[in-house]
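Shared chain: subunit A. Partners: subunit B in the first complex, subunit C in the second.
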Partner chain A sequence: MAETSFQELKKERKKVGISNTLMLFIVLVIMIAFFGITSQIKFDQQFFFSILNLIPMLSNISYIGIIACILTMLLITGEIDFSIGGNIGLTSCLAALLLSKGINGGLVVLICLAAGILMGVFNGFIVTRLGVNSIIATIGTMSIWRGIGYTLSNGESMLAFNPVIDYLGRGTIFRYIPFPIVLFIIVIIITYIIMNRSKIGRRIYAIGVNPMASYLSGTNVKGIKFLLFIFCGAAASLGGLILTSLSAVGMPQHGQGLELTVVSAVILGGTALSGGKGQILGTLAGVLILSVLYNGLTMLNIMYFYIQIIRGIVLILVVATYEIRQSRALRRV
Partner chain B sequence: MTENNIVLKMENITKHFPGVLALDNVSIDLKKGEVLGILGENGAGKSTLIKILAGNYIKDDGEIFIDGQKFEIKNPGEAMASGIRVIYQELNTLNNLTVAENIFIGEQLVKTRLKIVDWKSMVRKSKMILDSLNVSLNPKAVMEDLSVSEKQVVEIAKALSKEAKILVMDEPTAALSEDDTRSLFRIISTLKEKGVSIIYISHRLKEIFEITDRVTVLRDGKKVKTLVTSETNTNELVSLMVGRDIKEMYPKREVPVTDVVMEVKDLNASGIKNISFALKKGEILGIFGLLGSGRTALVKALFGANPVKSGEIFIKGEKVIMKSPRKARDNKIGLVPLDRKMEGLALALGVKENITLANINELGKSFLINKKTETLKAEKWVEDLSIKTPGVNTEVNSLSGGNQQKVVLARWLESGSEIIILNEPTRGIDVGAKIEIYKLMQDLCEKGAAIIMISSELPEILSIADRIIVMSKGRFTDEYTKKEATEEKLLSAACL
Partner chain C sequence: MNNLEAKNSKGKNVFKRVFGIFTQTKTPTPSLIILYIIMAVIFAVSNDNFLTIVNFKGIFNNFAVYGIMAAGITIVMIAGGFDLSIGSIAGLAGIVSAVLLMKEGAVPTPVVVILALVMGGLLGLINGLIITKVGINPIITTLGTLATIRGICYFWAKLNPRIYNDFIENLGRKFLGNVIPYTTIYIVVIFVILSLILKFTRFGRDIYTIGGNENLARLAGIKVDRIKIITYIISGLFAAFAGLVLISQLGSGRPEYGDGAELEVLTIVVLGGVAVGGGKGNFLGVFIALLIIGSISNGMVMMDVPVYLRMVVKGALLVFAISLDAIRNRRRLQLY
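Moving on, here comes the complex of A and B:
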């Protein structure tokens, strides 16, 4: 068969233009500028960029972002974890319960993280060993975790005060930088290195692109998926602890619906549900866009109902843009 | 016009795929009640041409005329409506339904008033169609209980359930025994008498001579020539098909065969029974079998992807329990699988990533990948195997079939495989690349590798393999040295 000339192929590649991730960051910058200017006009002073607004927003971003980065890796293998919201509820109740028994704060953190790992082990076992589709498996465990949370707390909220727990969500480094943000940045760096530079990251991508070819090349496909479910469980628990700290209460309703927010952010960031495609920086952009949008619109006194509608529209618009860009790129080649 | 008995005319059909010109100005014509053979190696463009006719692909250029009328086929429904029926090599039967349900799938008969399915008349009409083909099959039988050849008959019956003007058969005998082939030919003759025009695709020359009236030869996406079958001969067809003479097509070197590197004793697994053989260094062991003979099940069992129930595998004298492909890889076994796109390559990744896929651990000392090392390794293989690609970062999807196959092979060379199993290594690749693959295989043997080649292409296996084992129904039925083996012997052993 005649080969199309390689020069031509190369040229075509270049025309595809800027990456999706770059596009997201441009959108983000425009959004931030917009809210900065409108808040100036509306309040006659800079509210959006004030410490009063930025610190709570960034703290909220961080626990969602930590989970989103880890979930990105799982999603790239083509699996998903919907049980993160339930995990947060359970962790939050467990933490408050243990604190109420007078257990040392540091130990509580360790126990909660261990619980998160255990929840990940369950998910991993059900998906990789029993062969249950991960959507179904984790919708199931989501309900189980939350149910256990209700059981632990008797359905009530419990105060959760403790120096260690407080620091986790509300502590600061160098006086101004919230501790959860530091955690988030560390998670971004680690997951970025894993996905862009490491051997296991390469395996994760390859599994997502073609699990069969990866398996037949000697990759331990099930083992890697198992490991990522464990990471997800631990990340969700860490998120649960931060949320407990931020709100100073442990309650089973914590994290309700959060799984959809996190999945939306990851998808918005360009990760494909079918696996094989996704970037940690894209997820970062996705998380920031959704949070800034929520924060900015709230600041402008837009009613929550409308914010919901706008968020949905943004998600669909961005993903539709990906699809259109992709099919154009394909047509060019 | 003098052409009024021409049912179908495809003129100057051109079709591009990424990186490949699959069809280049191909024209064919088909007369009423004739059998037109389309002959060509794998990758010559036969299937692409048929898929355009069936509405599965849209042509880039060219024209199609049916009964003299220009006709744009945009989807399979339109092709069906104009009387074109295609029976593909991979059967599309629904195995948990009955024969009658399969025949009338998509257009079930309904009782006029109530619009409910009329089972009785479906069964009755199925019986009529099957009778007209001179086969006795119970319309109420469930498909999964039928043999491959019976399923094929059902496909033909399905094609005929509505009026068929043009019937296309894509390698219909790939899974058939000698007897079944006979009865298929009887059916074809019956259809001819009824005025149905048939396009018969095959690369088995014997069949072409037996059943076709004319034959069009394709090579590398181009039409070479159309001949009247009775006025040509095997040699002419082969040289047209291959574009060079046989010796050049299948270069064979003598490589000294030494110690046994792999020994299999009484292996049983899903799809295979009591398999025993020994493989020696420097040897190319051919395994021949028809579709469904257990070839692929054997390959997967040897490679740890099909759990072994009983029996033993020894690698260089040591017993190995092949529990996963990882274990196979660690024992220096490599696999070039049957389906390059589904099982072989991560298509959306680059050439580089695909070459190093089985050997990621060697890409750096720590947990990180040393990108420079990786690029150097990949570039070395691209050069050594002369893989045609703009660069090692190019998506492997945009390479031609032959170059993709070389990428898969490079992966196993990179991981130092000493036993390489190739399942239909030249399927869907062009003639030039085929010759290169044959040469590569023998280079490897000279360097001390041992090769197991599964193939259903007779000329290929007869010329390239040093020893041929024939498989049928999951068992080894016979074994021949290169000298002993003939086409007839292999085919008859494959139907045992």
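Moving on, here comes the complex of A and C:
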């Protein structure tokens, strides 16, 4: 009896069909094809698939993507980090300030990453040791970081020129592949392996589903969450350095509102805010979809506020699709 | 019980006993009042002009918009929800009514006001329907509507409507007897009515029940979805009203009005002791938090704190307040 129902379940699952991640990638391919074709028709020339368009788009995706991948892991445990935008602002100002003091570029990168780790430690301490809700805690620290960034730079933007920093965002490997994209791909591979092939990944999922049960089965719940907050701080700092390098300027406004973009991308990728669900590849698809949408619509000369509306609607539509699919799947069982 | 606590605290040092005033009360309101008194003393000592009627007129008038928004979001949060779209709703209500009032006498003022409020209520209804009927997480839903509604505001970006309408101008600027701002009266009336509703009506108790345990509330026969939708409608209504006050105080309509208000309001509400998960919170706490945030902005200007440092202080205050709250409500055994 039990076995037959299990087999029925398997059949039913086949009927449900493709996974959410696959669905996202299909949407992405359709979108890319759409923008490619419309650009061809509208301008009689291929703008979308030109190197001039793709390289900057991918460079911009890279720093968002790096942060999004790490944030996915954090979101799966059921916590969130809104302070990434403020972190980017601080890091960017810190880097420019240190460079203007004539400090070696490599050292600046290390100091900035260390600052990111410190910020992560602060967030992690408040959330895991004091037991503060992570949404509110990180909204608070977000304005602290950004305020410190403004104080460091005195509200001005500072030029940031240095061979090491320049290479971080604008350097290329094999003449054509931009360095930040390589970083992004490395981060994807590492986080994918962690989440899908390692013990710690299974524990992260388990924490998100049921923290009490995972504590009772011997998982160091607080420790893992703490570690992920530190990762998140470091990733945001790395993103801030890449952004500083891309714009060659360190300013406190860098990353303003980025937290919402990153969180939207992660959620678009199928990660649940309540934790326990999510895929690194889904996040990759989410980041790509949001960026391609923005890039393509801008190329088609659609005004910024229409793009904002479309982004909001896409987010709600996709998440609604997840919910409906899930409730249908549950009803079948 | 009291004896036991007294015995336990005997061995503790003075610092812990003083700190205990903040951490061992059930609601944060007493500690907020103490915090406010300390702050007021510091500001008053450092600047003679802090404790003057003129200054307090300014403080009260400045936090009016946030205060009205806070009323709505408090109700939503007590019921376990979340509403980030209030800033955008205020912006939309503001710019739409400003545009309608642009041509003098084309649309009667009451119609504009009612239209703005109905629009706010409708947007709240949309939020509520998506959250309860489709079942999307409230943070995501309102994040989406935040972007969408703000985008709609920019349809009127090219117009720059000024307000010449007497009624709207007086709405947020006049003083009763030259001392009490109209806006303070709105806030006090709204807060008193809402706290009476929360305390003495079945609807109010249901809101607390839903925030405390939604499943339990459902099993107890409370119409959870309907009540949640109503809370979002209330939030939208107040946001729209705040938008009207905003255009009244600023004297024009711009699409970016109310941008980022959600975070400010969230800070106030959380500082006031409304639990993020729902089920806890009262309006007295929110009102004192409003006073604290308003006075801090004001006092820091008087103390000549650099503008960028103010941001740090505000963030630090939020983190401090929420940490105290967390320590206070910490379970005896926090394992994970």
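Brief remarks on what is shown
By definition in this document, the second predicted complex is superposed on the first by the 329 of 333 C-alpha atoms of A that agree within 3 Å, B and C clash if a C-alpha of one lies under 4 Å from a C-alpha of the other, contacts with A are read in each partner's own complex, and residues count from 1 in each chain.
Methods note: a residue touches a chain if its C-beta (ideal position, glycine included) is under 8 Å from a C-beta of that chain, and two chains touch if they have at least 3 such contacts.
Predicted model only: the values in this text are computed from it and were never measured.
In the superposition on chain A, A:Val319 makes contact with subunit C only, not with subunit B. Contact with both subunit B and subunit C is seen for A:Ser214 once the two complexes are overlaid on the shared chain. Of the two partner chains placed by the overlay, neither subunit B nor subunit C lies in contact with A:Ala114. Applying the stated contact rule after C-alpha superposition, one finds that A:Leu22 touches neither subunit B nor subunit C. Once the two complexes are laid over each other on the shared chain, residue contacts for A:Tyr150 go to subunit C alone; subunit B is not touched. By the touch criterion stated above, A:Ile30 is placed in contact with neither subunit B nor subunit C. One of subunit B and subunit C touches more residues of subunit A, and that partner is C.
Note: residues 212, 214-215 of subunit A belong to the subunit B contact set and to the subunit C contact set alike, using the contact criterion stated above.
Per the touch definition, subunit A reaches subunit C in the complex via residues 126, 130-133, 135-137, 139-148, 150-151, 154-155, 207, 211-212, 214-215, 221-222, 252, 260, 263-264, 267, 272-274, 303-309, 311-313, 315-316, 319-320, 323-324, 327. Against subunit B, the residues of subunit A that register as touching in their complex are 1-4, 6-7, 9-10, 193, 197-200, 202-203, 205-206, 209-210, 212-220, 276-277, 333. Touching subunit A in their complex are the following residues of subunit C: 130, 134-137, 139-141, 143-148, 150-155, 157, 255, 263, 266-267, 270, 276-277, 306-316, 318-319, 322-323, 325-327, 330, 334-336. Per the touch definition, subunit B reaches subunit A in the complex via residues 16, 18-22, 24, 43, 220-221, 303, 305, 324-326, 328-330, 335, 337, 342-349, 353, 357-358, 360-361, 363-364, 367-369, 388-390, 394, 398, 400-401, 411, 415, 430.
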